[in-house]
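When the chains are written out, they are named A, B and C in that same order, and each has its own residue count from 1.
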Amino acid sequence: MKAAWTTVSSVSVVALVASMTAALAEPPADLIEAAKKEGQLTTIALPHDWCGYGALIDSFKAKYGIAVNELNPDAGSGDEVEAIRANKGNTGPQAPDVIDVGLSFGPLAKAEGLLQPYKVSTWATIPDAAKDADGYWYGDYYGVLAFEVNTDIVKTVPKDWSDLLADDLANSVALAGDPRASNQAIQAVYAAGLAAGATDPADIGAKGLAFFADLNKAGNFVPVIGKAASIAQGSTPIVVRWDYNALADRDTLAGNPPVEVVVPETGVVAGVYVQAISAFAPHPNAAKLWMEHLYSDEGQLGWLKGYCHPIRFLDLVKNGKVPQEMLDKLPPAAAYDKAVFPSVEQQKAAAAVITKQWDTVVGANVQ
Amino acid sequence: MKQSTFGPWLAMIIGGLYFLVPLLATFEFSLRMKRGEYSFEAYRVVFADPGFQASFSYSVALALATIVLGVLLVVPTAYWIHLKLPKLKPLVEFVTLLPLVIPAIVIVFGYLRMYNSSSILPLTNSARGTDLLLAFGYVTLALPYMYRAVDTGLRAIDVRTLTEAAESLGAGWPTVLFRVIFPNVRVAILSGAFVTFAIVMGEFTFASLLNRPAFGPYLQLIGANRAYEPAALAIIAFLVTWACMGLMQVIGQGARMVSRKR
Amino acid sequence: MAATADALPQRQAAMRRVGTTAFALVGVAPFFLFALFFLILPTMFLIVGAFKNPAGDWTLGNLANLFQPTIISAYWISIQVSAASAILGGLIGFFLAYAAVSGGLPAWIRPTLLTFSGVASNFAGIPLAFAFLATLGRMGLVTVFLNEAFGFNLYRTGFNLLSFWGLTLTYLYFQIPLMVLILTPAIDGLKREWREASQILGATSVQYWRYIALPVLWPSMLGTTLLLFANAFGAVATAYALTGSSMNIVTILLYAQVRGDVLHDPHLGYALAVGMILITGVSNGTYIWLRSRGERWLR
């Protein structure tokens, strides 16, 4: 009798553990229920070619049958936070439920009371440095800054920051944003400063500015904001931008023109983006379900497909969940070993220097 | 004494070159989608996209609504100011210049705060309500151009005499306005209508933040990641907008011909 | 007794005047109500925001912050670019409009020019910047053509599209059509009979222009040039797309504060906008003063 009981109990314990693990892989049923009742999710600033969001949104719609209302895909992090602020009393479709913003915006939005906390079921596998302890914001993916080079026009592909100063690269190098306002552009200046050997954030900013001033004096810098169209047309044959955007561009352009994506040898800066749910979200349950979707293995691999390193990357690799073909399509892992992840304070200190002094140090003289 | 047309022709040719060459450059780039050959591939991709037709027709409908609202608002006001309240002219002109310097993004944020679902006039709650808000926003954006055009047109005709003549013939003010003043400022109204149409077709900020499926946000979406399609789209938008204006011109002229025959 | 008898019709006349004015004000009520609800009140959030700091207290600090060298230079550059493109655009637009209306050209030119101007007047922002980069940029159509056909390297002469004059050249693309569109009705109003009469009386072309045509057109031309100035002053998308990070103009600065990823002090952005409104107010005032001086010729 006792033996039978032990067998039954051990079997049931195993069954319980199995069902718990299964539960970990699936969001709770009542959350799905509540989200379906809300019927809609409003997102903002999610271009379909950015980190494979197009496919992720489609898979969410297909899996749960919830409509996704996509606001302004071209919005910057500042726009997203402003959208939450501006729609405080508004439950209409203009109010975003979830945001995907630069690292420094997480604490900023939390301090203003614009976010609500939520810890996804895979919370434990998110590195501590990339999430808020109370669950208000949590890192979603990262990438490093790389050079996107149009090899039709640029014959010797630059391998490092110092190569950008070469004589044959006149009117070639551009940033992907305005360094007085855009996170991506400021990080590029930061990376140049790191490559120049600085260690203190303010000094990194100053050295980065000096580099771009040299680049401008050599006539190599183009002040136009680089995009796929300007790379193809030839006005900005080299653009410094996140590697996932560069790789996505390479795919879109499909060889016309051929594009090479180079992670510089020194000065490799990684940028983390964070997810958060709006405190005034009209569809909070749909928002939470969306987070569960993004942080599930399926969601994380969806980002990887878009060339973004998901925040749970190391955990997934450890558990052997990443298909080899996906790994092959990414830049070599060696490049990522040298990646520096600036903290929020470091970013702020450098940004203060860069944004204030860009015009005086680098800005072209206006005649 | 016949005037030499050399000067005018020269002006036209130089003007033509300045305006057409950049368009040509854009067109040439849009043909380069297939490597090594010229093709209309980019155009095929654009036309095949259902989002293009939907957003374009939405913006056209909204543009027409904006023109009607704008004309109904501006022409009587300008007429009234000319006739009865010339002292208010500087104030009205200053107000009409404001939409040019107040960034659209500020105005629309104001709309979101004033007309959201928790205010007295919850326009953003319904699609039609938001459409109306968007139309009013566009009327505001087009105000400087519409007012200036109508004002210039009114200056060119003798408003006082026309009004007095009409009134002495027994016309009430609606008749004066719609059957005497409007036809005489037809060219000016048409100019203002053209600019309004172009503004609405290309406008992005209002449509995007109010979340309406207009052409501007669609253009932005395509332009974000693609290389050749935005150029194709720019050319298509230019040509179709031009055609719509040509249509408006024909309708405007046609009505004038009819009224002349009487 | 005589005093009261006189006073009564005077008072009646005064009351009638007030009555007419009050009635007249009703006529412009829709406009002012519209402007109030859809322009002025939404903007009040901005005006009020210019006087508050992020913590929510009233402050004049934002306005004081406007007096930094970078911001003053931004305003100054904006004014210069706007004035350059407004004056040039005004002049060229005037010539084009006149050529089309009274130049004796074939009849199809005028409607074509007008409809084209309608489209071109709003062809701004990224498509325009891209079009000019594709034409006069380093790999632009014209640049490459000049190099290959005539061996003429445009960029070696020091020309650069991404500069003050390059930006002005680009701005002209929507300034000139605007001038054409708005001035055409006025030029239409120049009756042919006036020109013929002046010729019969022996006036030369110059005299016709100086004493008849220009005085009539002057207020409209000035008013439209002011519109062009405000139009260029408020333009941001084109400048941003073309000169991106090299030029420091107010609108870009404003957008960086209100929308930017990093700077994000919207209250400073609002203060910048208040500054822009003030400048527009001043230019409007100048226009009215100039116009009233010019209108003396009409009487």
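Everything that follows uses one rule, which is that a residue touches a chain if its C-beta (ideal position, glycine included) is under 8 Å from a C-beta of that chain, and two chains touch if they have at least 3 such contacts.
Note that the coordinates shown come from a computational prediction; the quantities given were computed from them, not determined experimentally.
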{"item": "Set of chains adjacent to chain A and to chain C", "value": "B"}
{"item": "Farthest chain (mean CA position) relative to chain C", "value": "A"}
{"item": "Highest-count interface - the chain pair sharing the most C-beta contacts", "value": "B-C"}
{"item": "Centre distance in Å when chain A and chain B are each reduced to the mean of their C-alpha atoms", "value": "39"}
{"item": "Distance between chain centroids, defined by C-alpha means - chain B, chain C (Å)", "value": "16"}
{"item": "Junction residues of chain C - those touching two or more other chains", "value": "130, 134, 140, 255, 258-259"}
{"item": "Set of chain A residues in contact with two or more other chains", "value": "82, 229, 233"}
{"item": "Touching two or more other chains - residues of chain B", "value": "29, 109, 113, 223, 230-231"}
{"item": "Residue numbers on chain A that touch chain C, as the complex places them", "value": "76-79, 81-82, 102, 104-105, 108, 153, 171, 174-175, 177-186, 222-225, 229-230, 233-235, 351, 355-356, 358-360, 362-364, 366-367"}
{"item": "In the complex with chain A, residue positions of chain B that touch it", "value": "29, 32-35, 109, 112-113, 116-119, 122, 124-125, 130, 208-211, 217, 220-221, 223-228, 230-231"}
{"item": "Residues of chain B defined as touching chain C within the complex", "value": "1-3, 5, 7-9, 11-12, 15, 18-19, 21-26, 28-29, 73-74, 76-77, 80-81, 84-85, 88, 90, 92-95, 97-103, 105-111, 113-114, 136-137, 139-140, 143-145, 148-149, 151-153, 155-157, 185, 187-188, 190-191, 194-195, 197-199, 201-202, 204, 219, 223, 230-231, 234, 238, 241-242, 245-246, 249, 253"}
{"item": "Residue ranges of chain C touching chain A (in the complex, touch as defined)", "value": "70, 77, 129-130, 133-134, 137-140, 155, 162-165, 240-248, 252-253, 255-256, 258-264, 266"}
{"item": "Chain B-facing residues of chain C, complex", "value": "20-21, 24-25, 27-28, 30-32, 34-35, 38-46, 92, 95-96, 98-100, 103-105, 109, 111, 113-128, 130-132, 134-135, 140-142, 172-173, 176, 178, 181-186, 188-189, 199, 219-220, 223-224, 226-227, 230-231, 233-234, 236, 251, 254-255, 258-259, 270, 273, 276-277, 279-281, 284-285, 288"}
